[in-house]
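One chain, subunit A, appears in both complexes that follow, with subunit B as partner in the first and subunit C in the second.
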Partner chain A sequence: MATVTLTPYKTPELFLECTTITPDAFCGKAPQEIAELEVREGKTKLRMGDYFHVEGKAGKTPEETEIQILGDCTRVKYIGFKMTGGAITVNGNADMYVGGWMKGGKIHVTGNVHSFCGIAMEGGEILVDGKAENYVGCAYRGDWRGMRGGTIRIRGSAGNDIGTFMLGGTIIIEKNAFIHVSTHAEGGTIIIKGNVEGRVGGQMVKGDIYVLGEVQYMLPGFQKIEQVEKEVDGAKVKLDHYIGDLGERHPKSKGKEIYANLFVRAT
Partner chain B sequence: MAEILVKNGYVIDPAQKIDGDVADVAIRDDKIVESVSSGARVIDARGKVVMAGALDVHAHVAGPKVNVGRLFRPEDKLFKSPEAQPNYRVEMGFSVPSTFKTGYDYARMGYAFVMEAAMPPLHSPHVHEEIHDTPIIDQAALPVFANNWFVLEYLKKGEIENSAAYVAWLIRATKGYGIKLVNPGGTEAWGWGLNCLKLDDPVPFFDVTPAEIITGLMKTNEYLGLPHSIHIHQNSLGDPGNYTVTLDSLKLAKGMKAKNKFGRTQVMHSTHLQFHSYGGDSWANFESKAKDVMNYVNQQKNITIDLGCVTLDETTTMTADGPFEHHLNALNHLKWANTDVELETAAGVVPYIYDKDIKVCGIQWAIGLELGLFTKDCMRTFITTDHPNAGPFFRYPRVIKWLMSQKAREATLETFKHRDKVIDATEIHGIDRELTLYEIAQMTRAGPAKALGLAGMYGSLAPGMDANVAVFNLDYKKMPSNPEKIEQAFQRALWFIKSGEIVVKDGEITSHGNKRTLWVNAKVKENPQVVRDIHEKFIKDYTVNLDNYPVRDYLAPNPFVIDVDVEA
Partner chain C sequence: MPKIVTDVGCPYCGASCDDLEILVSDDGKKILEVYNACAIGNEVFHHASSPDRLKRPRLRQPDGTYQEISYDEAVDYTAKVLLKAKKPLIYGFGSTNCEAMSAVGRVAEKSGAVLDNCASICHGPSFLAIFDNGYPSCTLGEVKNRADVVVFWGCNPMHAHPRHTSRYSIFPRGFFTEKGQRQRKMISIDPRETETAKLADIHLMVQQGHDYELFDAFRTVLRGHDIPDEVAGIRKEAILEAAGIMKNARFGMIFFGMGCTHTDGRNHNVDIAISLTRDLNTVAKYSIMAMRGHYNIAGPGQVWSWQFGFPYCIDLTKGTHAHMNPGETSSIDLAMRDEVDAFINIGTDAGAHFPIDAVKHLRKHPFITIDPNICMASEISDLHIPVAVVGVEEAGVVYRMDNVPIQFKKVVDPPEGVISDEQLFDRVYLRICELTETEPTWIPAKGHAKAPVTAGQ
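So, the complex of A and B:
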């Protein structure tokens, strides 16, 4: 795997939109060509080279290309936008839309990410060592086709609206989350290892949620049916099994209605 | 004085019975003339097809429900909003495009006139503001009447004269163009959680039937002698087996005579007929009844229709047929927006995906095209997609391609997952008819112009007409064997001259043109009872004051008013 390093040397006055920081855009290009790729600050079109020193070598295909960002990207949006393969490592924080509409490959952010991390993701992996803000793995505004595949793991906490309209894939939040988890979801799995304040699984049709901490306020549309023991992300836990959202429509399979499942650590 | 000479093109102008003659079209200012001076700007159209500007009889392009579609579908704009270009404004959206994209895309296809198909009277100021914001194309709007409390009450008592006085007042107040009916009685019945799915289902409280509403408004229309006939979206839209209701309502036109000074011969325009030509009694045995419906349309000469072709796109349905949208939402579980417009109408909006891999969508696609292919009179059959309900309007070139090429139809059919089931439920596979350019010009130019009572202005290249001239990259003598070339040619006109101004060159917008809003001023003798009824209802039932109701002149700043003097 060939590695390209980007070293940020200038902080943009506004936020920088870098839909071109992807193995797909970099592959097959020399560092000078990569430096010519378009980035945007507001409505101004600029070059990648105006903000980053570009070094190293890109692979022939996205799969053979790794991008190392050696520095903070707190003001950089859209890292890994629509990427299909390869790897990106951000050594520091990143702003919004990390891995948005991503189809494959890996993104590792060692710091925190802002909102919309993994929005409408279809495949691949995102790992964030720090915390995430809102809308992890959610759908685009208005769209009913949310995250379809892939894995997002946030080692810290996350904000609200996690996995809205989720259809597939896995989201793991290792610490706490705020409100609105899997709203309108019709598939996929969300694991929250800490506590959630509430509104978990509102209008959820299908899919699974695991909360290994506490749900402070349960929604009335979920009904407890049994206690189970399950392995969740490598650990065995005793869980209360709820089904819901009983206020929402549910598809039928072999004459039986399919509900969404919410598992909360048994007390 | 600006003069243009479109030289040596293959002219296709059914209104003058010209089919592919090599001729020149001369333009002075905003009119077509016999000849121009030698100083005229010359556009070389040698080897290209020249037609008049086209007319769209039915599209939802302005007003509150269109805007609801824009507001509640941000994803319709995602990755589909290219940047602004030097000569024009940014264009946004796909199935519910921004006003600018609407104007530009119509102009690129050589369209001069577009009818907004359903204007809720109370919200007519909004409709006119959006029309004003849509560049280049001339527009008009049809206020909806068939669920209006005044109309229901007058028609229940059979008071055509009063109905006419009210209709004339409302068309004037809203700067509207004619009489639109949407699910007659059914939308009002929905206020009680009901619908009118048959012609004799009475409207609750008003106790009047859809058949009475249709007949009454048809008589009202001819009493007034409006340029357009009643324009009807029939009951039971989109239901399997609805073709019988369709035939029943078409039969109401039997024996009616068009009375007007605009050259219109039909008394009923039945719109988006594709949605009304369904057989079977469930989605499982759903089938095409296009042939039965067109057999009737072909023999009943006083009706016109438009197709409402399904284009197999992801789109946004929007209609004043509130109960239908609720029904649709229960089928596809996507978003649903809905509104009630006081005494007048209602509306709903639901996104919809016409998926080529779903059998029903494939059959719907076939039905729309079958209607066009079974027609015996292209002067009474017009191309639409009921934009955006069956597909976006900028797919007209694709519909034209399918109508003109069996090869293109078969190629699309081949891509269907349920090809064989679609073939079993339709007749599309066996039809070898391929429409000619002359027939397409009838369906998009001469025909709609006549049906709208606008044949004196649009739809022809005869001297005296408005100077709307489109040049397409097609060789009349050597039509391309690849049907895709037909679609490309109609998608982007080489030249489009609108009201004497070049607005499109090589498929790109060059000017914002001179847009106009057409509206009808029907002058009826003052009717004291109707005046009193209007005053009373506004005090008792409306949320707005009567003085604040009519559309102010500044909202339609480029009006073209068609006066109609009604002989009492």
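So, the complex of A and C:
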């Protein structure tokens, strides 16, 4: 894999919108050409080179291109926007929309990410070593087709609206989450290793949620049916198995209603 | 002889009453009496006639004082601020007409601004829920004529919309509700014992911030499943009783307010209320409505959805398309994250309504207030442009909370020389065109005053 390094040397006054920081936009280009790619700060159009030193070599295809960002991107949005392959590493924080509408490849952020990480994701992998704000792996406003595939792993905690309208893929939050997990989901798997305050699986039709900590406020629409032992993210755990949301519509298979599953660590 | 103007609209709350009668002095300049309005509506009209109204724009001087300038100078200043900023924010529109909302669309598009309205801090979450889950709503006329079960969830019309219950929802006698209040069951769901809760047949004192759980409980029992003995601080029996009343409605109505949109979960509280409305429609006829706050705050949603495809939080900085994603493009988030570098506050008071940190960030950059009155925002602005009071000194179209358009009247003239919001935005637009050496494009309806006259017409 050929590696391009971006070294931020200037902090934008507002926020930088860099939909072009993707292996797809970089591949086949020389560093000088990459420096000419457009980035935006509000309504002003700028060059990548106005904020980053560009070095190294891009591969011929996105799959053969790796981007290393050597510095903080707290005020940079849209890293890995719609990417289809290759890899991006951010050594530091990143702002909103990391891996938004992503289809393939890998993103690794060593710091924190802001909201909308992995929004409407279809495939690939996102790994965040720090924490995430709200809307991890959610749907775009008004879209009933949320995250469809891929994996998001947040090593820290996350805020609200995780996997809203999710249809497939996996989200793992290694610490706590706030409220609204898998709201309106019709598929996919979410694992929260810490505690959640509440609203887990509201209006959920299908899919699985695992909470290895505690759920402070259970929704009345979830009913415990059994205790099971399962392997979750590499460890065996004893879990209470709930089905729900009993207030929501559910599809039928062979005359029986299919519910969403919520597994909470047994006490 | 003083004359009476009838069928006047009230430019205050979202009930947008249009049955006011105003007694005006012989010279048509002064408002003497206001009939039919509630105490708030009354005050709005009398306040407009106050002698200490501002008549010219005021520009902040280096020594911190305000100095009067001409409208031309104010227009020029505003145009230049908008052009210079990388990402200006134009916010407000709670209290103006649709004509002004349409006019500002041209300014925002031309200058690459973010356009947002007060829904951003009130019923914005309702928009998100409506995007996600639809809006099975009706008009207030239907409520008056049909509703026999009325639920007020997280709202207190007795204070916020004083004539709502008497004009539309509880007291009036309608076509199928000839017995008025006696024929209606009223349910209030509120953590506080409000005046509305006191009037209700049933008051469920939901634990603050747990509305979502209670909605889920209603939906679960409606599908015939059991629920825990207590949900959100309410006993199961009370939930079952209320659910029974709701199910037995001939026409049920759910009104919701800030108690749903501004507690944890926000849009999801409204979203699940919409799901509950859908469920109830399998056993009865049901409808749902947001208790919009101001008389025309439904207006920008209508006007801008038509112009840009989105009702609020519209980022027009891209130049190629409108981008909307509240959480990012919403006024408070933009301000808190220090993401805008110029601010225009119009027809609202961001100084009073925004969190102090948001105001502090905005204050670092040019800050302009367009408002007939002195308010908190005007007092911290660089420029304050007074305008005519819509509904009193300026006619126009407004959308009531049920999205019914109403033509509001002009009752008296504005103070000498004071222009309307619409005129102001049109002048700013023309000035921006002059400064950028471009041709203005008016795309109004054929025959409209702003349509360019082309040869052969």
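The rule we apply is simple: the second predicted complex is superposed on the first by the 267 of 267 C-alpha atoms of A that agree within 3 Å, B and C clash if a C-alpha of one lies under 4 Å from a C-alpha of the other, contacts with A are read in each partner's own complex, and residues count from 1 in each chain.
The working rule: contacts are C-beta pairs under 8 Å (C-beta built on N, C-alpha and C of every residue); 3 or more make two chains touch, one makes a residue touch a chain.
Fair warning: this is a prediction, and the values are worked out from it, not measured in the lab.
Clashing of subunit B with subunit C is the outcome of superposition onto subunit A. Once chain A of one complex is fitted onto chain A of the other, the partner contacts of A:Glu36 are absent, as it touches neither subunit B nor subunit C. In the superposition on chain A, contact is made by A:Tyr217 with subunit C only, not with subunit B. Touch criterion met: A:Thr44 reaches subunit C, while subunit B stays clear of it.
When the two complexes are overlaid on their common chain A, residue A:Gln203 makes contact with subunit C while staying clear of subunit B.
Touching more residues of subunit A than its counterpart among subunit B and subunit C is C. In the superposition on chain A, A:Tyr135 contacts subunit C only, with no contact to subunit B. In the superposed model, A:Asp240 makes contact with neither subunit B nor subunit C.
Shared interface residues of subunit A (contacting subunit B in one complex, subunit C in the other): 140-142, 144. Contact residues of subunit B toward subunit A in the complex are 72-76, 78, 333-335. Listing the residues of subunit A that touch subunit C in their complex gives 13-15, 40-44, 96, 115-116, 134-135, 140-142, 144, 160, 165, 179-180, 183-184, 198-199, 202-203, 217, 219-221, 223, 245-248.
Within the complex, the subunit C residues that touch subunit A are 85-87, 112, 128, 131-132, 210, 212-213, 216-220, 222-223, 225-228, 231, 264-265, 268, 271-272, 275, 279, 317-319, 324-328, 337-341. Those residues of subunit A that touch subunit B in the shared complex are 140-144, 249.
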